[in-house]
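Both complexes below contain chain A, partnered by chain B and then by chain C.
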Partner chain A sequence: MRVIKIDKKDWESGVEKLSGDYSLYGPVKQGAFHNFAPLEKGQMPDLDYVNTRLSPKSVVYPQCETMFEYTLDENQPDHHVNKEIPKDYSPRAILGIRPCDVKAIDLVNINFDNPQYQDPWWVQRRAALTTVALACNNPCSTCFCTTAGTGPFDDSSADVLLADMGDYYLAKVMTEKGEALVGKAGFDQDGSAEAGAIDDAAKAAEAKITSKIETGKLGDKVTTELYDADFWEDIAFACINCGTCTYLCPTCWCFDIQDEVQGSDGCRMRNWDTCMSALFTLHGTGHNPRPNKTARVRQRFMHKLKYYVDKYENGIACVGCGRCVQQCPVNIDIRRVCDLMNRFEPGKECA
Partner chain B sequence: MSEYAEKIRGIAKKLLDDGTVDMVIGFRKGTMPLINEPCFVKDAAKVDALVWDSSCGVNLANYLPKRKEKIGVVAKGCDSRNIVTHIVENQITREQLYIIGVPCTGMVDRRKIRLAVGKEILSVSEADGKITVTGDGYEEVLDKQEMLQDNCAICIHRNPVISDEVIADPVEEQTDVDRYADVKAVEAMDPEARWNHFEQLLDGCIRCYACRNACPLCYCPTCFVDESQPQWVGKSVDKTDTRTFHFLRAYHCAGRCTDCGACERACPVGIPVRQFTKKLEKDCKELFDWEAGMSLDVRPPLDTYRPEDPDEFIK
Partner chain C sequence: MQNPYLPIPVRIDKATIETEDRNLKTFKFVYVNPEDEAKFQYKAGQFGELSVTGKGEIPIGIASSPTEKGYVMFTVNKVGLVSSALHNMKEGDIMGIRGPLGNWYPWERMEGKNIVIIGGGFAFTTLRSSIVMLLDPENRKKFGDIHVVYGARSPGMLLYRDELAEWEARDDINMHITVDGTDDPDWKYNVGFVPAITEEKAPKGDDDTFAIVCGPPIMIKFTQPVLDKLGYKHDHIIMSLENRMKCGIGMCGRCNIGKEFVCKDGPVFTLEELNSIPKEY
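Then we have the complex of A and B:
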């Protein structure tokens, strides 16, 4: 790791130099809120934002992607054969991604790239990705990243971490990918003398985080007892089983596979799925093992806060970005649910 | 507003104490400013959880279909009209319900307020038609009327149309509103402009179905977009499939929509979903002099036939 200094007056020209080597993505104002979007040549990421409405996971894991194409025309020699369609794995960089969202990409990686399974499209897109994270000087009241395994200045997942110091950025270049990117941008001013300022800013930002969760006891709970806890009906009551929480979440990784056929041409696609939907678990027989919304709400929280915790032993499947808290149409709040789960004692009412 | 909450708690306690109902459905204080959470209370000792203010926008009629209990339900004007619709459509019986009517002066739009303030809001209070928001080092006072949800701003049925008990005197109904200014603007467009208008409205839809699931009318056991044998609609964010979902859903709501705004309030990406239902609402008003959910005794226009029904639109 080394620290460099980037004067803000040099930022735009540096970004412009990158556009020849990378497809660039960054936060862009879309109506009333920001989202990550491909940056046109010359377009700058709008770094004056707190958090995007949708997470940037779609850059590596699109909501919908076609995996295979095939023909049903039996006159064709290769009929009924799934043929992988070519994809773009050229280098790409996300500029201004938040540290929690980069952490989330690492977290989702556990699902798509592990000794048992290697999802070829995820693996190659992630290999092509360089992340330039923007530390949060002013986290918001729904951010609980510091108790969800990350933080406003977390540099553990990003290739480069930018800290906004007013007239300039101090950048921690964390990886070889990060070195390559700052090299291509021409950012090379030594900033090591000011490295301490990043730590000070990190401490100041962490101190601003008022929202905290307790997760220490989740691992010790007996799964079946937590599953049968008395609070699920109360938590799930307001839920309308929409996909807002799961689609906005940077760590939700579940997908559905669909075939779409027009005439004799077909394709096989992968779309984000949501455990809030009854279809998620509907069997071909018509049986549904998660037959009601309480079962589905319980699944979402048990997956993030219990099953994942037990399976991977590296914390919870949540980075504390607060998107689900802010956008849930009926105010179901994962912080409250986590608190109930962590405090749960069988036989004692805690709702 | 706190008097409203006190009244609601008192009635809830009485209903639970004397066994009139098994549960009361209302709101508890949200974990963030500008949104409260729908909840139920079954224990009379816990009625103090119930709250009321201008952030109780969620339509509680959505929580009634197919329930078996006897239920006390807190109902604004729009909720009450959707309760009527549920009863008419056999989703719940009148006998199961004790309707606690709340005369309503409109619910605020949390996104409109956040946009107007432009800074993070940490607390909110309201009095005398003013909303006071405070955050880190600032306080701002807003006019509630200007911060209403779009549907509330043009609402002409703020008082419950059906109730067993009303918690306050009726509020004055708005009379000087043009309910269909936006629809008229779309009607005046040429086909290409209209097509582009709807394309733009749908841009950004992530197919999360929050609009559908927040809607009290959308209680079908299996929605047409979830049907898999046969599958009518694709599940990607393909434009044709997204259009099909929104427009067909709107038609399913024709003559039933009360313009409660649940769909828009729920949408996480800010699609003005009411733009798809309002033209149908206007047509029902103009063709059949019909407003949904106003009476238990009149069948809705789309499930009745009268010889004098207008038919000029059939060419």
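Then we have the complex of A and C:
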């Protein structure tokens, strides 16, 4: 790791130099919200934002993606055979991603890249990605990252971490990918003398995060007892199973696979899916092992706060970005649910 | 980079109607590229994703046995989109298979032990695979007594009827075939539900005896107390689950029960394992 200093007046020209070597993504204002989008040549990421509405996961894991193509025309050789298609794995960089969102990519990676199977599209896109994270000086009231395994200045997943110091950025260059990027941008002013300022800013930002969860006891709970806890009906009562919470979450990775055919040409697609939908688990026979919304809401929270914890021993599958808290139309709050789960004692249930 | 979603192309070599309601068909596939057979080395109890190009994929238990070379076989119930499309396909048509997927019945643990296979309805597919595998002379000597209780609604709803008759005639396997009811005067086997026949015919449970149970939920529900009564320990009762699936390789997040992905960590679990996860199946 080394610390460099980037004067804000040099930022734009640096970013412009990058656009030859990388496809760039960054936060841009779309209506009332910010979202991550590809940056046109010359377009700057809008770093004056707190959190984007959707997470940036689509840069490595698009919402819809063609898996294979095929022809159904029996006069063609190889008809009815699924074929891999060329995909773009050229270098790409996300500028201004939040530390929690970078961390989320690592959490999801455990699912897509494991000893037995590797998802080739995820793995290759992630390998092509360089992340330039922007530390949060002013977290918002729904952020609870510091107790969700990350934090406003978390540098453990990013390739470069930028700290905004007013007229300039101090940048921690964490990895070789990060070195390559700052090299190409021409950022090479030594900042090591000011490294301590980053720590001070980190402490100040962390102190602003007053929203906290406790997760220490989740691992010790007995799954079936927690599953049978009496609070699930109450938590799920207002849920309309809209799926918003899962689509915007940086750590939700479920997908569906569908074939689409036009004339004799077809493709196999994968699309983000949501465990909030009844169809998600519906058997062809009509049987549904998760037959009601309570079962589905319970699945979402149990997955993030218990099943993932037990399966990977890698903490919870939530980085505390607060998106689901902010955007749930009926104010279902994962912090409250986590609290109920962590405090749960079978037999002593009146919360 | 190896792509675990890419199906292996196969040709339908033979499609056979199995049951009198014509809802179950057995498909025998041969590999379009013979060298692909080496990639599809499986054990009894595993499944594959059958890929009907243009329609989608469905998880189906492998009905052929690893000892049967040159082809792979599946028996498919006609239910919805993909299974109906498959039923409409003809011999010679090209499609795909992906796998083998999931775990298998714990043959390694069961070596030297007695095995009771209990099946109902059309969930007999991987049990056929198991029986054919066990009866192979090389394998037969590795196991103790073998009992099979298999039931269907009526004689015409039993799968693999010719083979059932062959196995009946052998003395190295104890067959207990049953139907819920029949008006066939020539029916020479049992009449009664699977749990009742199990209680009557299955050996007592002990450390050296395993039960493999596959069937509709109602059969499983009533068979379990019978096995308890017979003294089977829950880590000696083996079951196979069928949750809705897509990827079949633990990626898409669809089929989990608790922390287990049925597709990757299962579909085979002991009852003891199932007791520690939610009943979401």
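Keep in mind that, in the parts below, the second predicted complex is superposed on the first by the 349 of 351 C-alpha atoms of A that agree within 3 Å, B and C clash if a C-alpha of one lies under 4 Å from a C-alpha of the other, contacts with A are read in each partner's own complex, and residues count from 1 in each chain.
Going forward, contacts are C-beta pairs under 8 Å (C-beta built on N, C-alpha and C of every residue); 3 or more make two chains touch, one makes a residue touch a chain.
Keep in mind it's a predicted model, so treat the numbers as computed, not measured.
Contacts of A:33 after superposition: chain B is touched, whereas chain C is not reached.
With both structures placed on the common chain, the touch criterion links A:204 to neither chain B nor chain C. Using the contact criterion defined above for the overlaid structures, shared-chain residue A:275 touches chain C, although it does not reach chain B.
In the superposition on chain A, contact is made by A:79 with chain C only, not with chain B. By the touch criterion defined above, A:1 reaches neither chain B nor chain C. Of the two partner chains placed around the shared chain by superposition, chain C is the only one that A:290 touches, whereas chain B remains out of contact.
Judged by the touch definition given at the top, the superposed model places A:255 against chain C, while chain B stays out of reach. Chain A uses residues 256, 258, 282 to touch chain B in one structure and chain C in the other. Interface of chain C with chain A (complex): residues 1-7, 9, 32, 51, 53-57, 79-80, 83, 93-96, 217, 242-244, 246-247, 249-254, 256-259, 264, 276-278, 280-281. Residues of chain B that touch chain A in their complex: 30-32, 35-40, 58, 62-63, 111, 115, 120, 122, 204, 206-210, 212-214, 226, 228, 234-238, 265-266, 268-270. Residues of chain A that touch chain C in their complex: 67-68, 70, 72, 79-82, 84, 111-112, 114, 116-120, 123-124, 223-224, 227, 253-259, 261, 266, 268, 270, 273, 275, 280-285, 287, 289-290, 295, 299, 302-303, 306-308, 310-311.
Interface residues of chain A facing chain B in the complex, by the touch rule stated above, are 30-33, 50, 53-54, 63-64, 140-142, 234, 237-238, 240-244, 246-248, 256, 258, 260, 269, 271, 274, 277-279, 282, 325-327, 329-333, 335-336.
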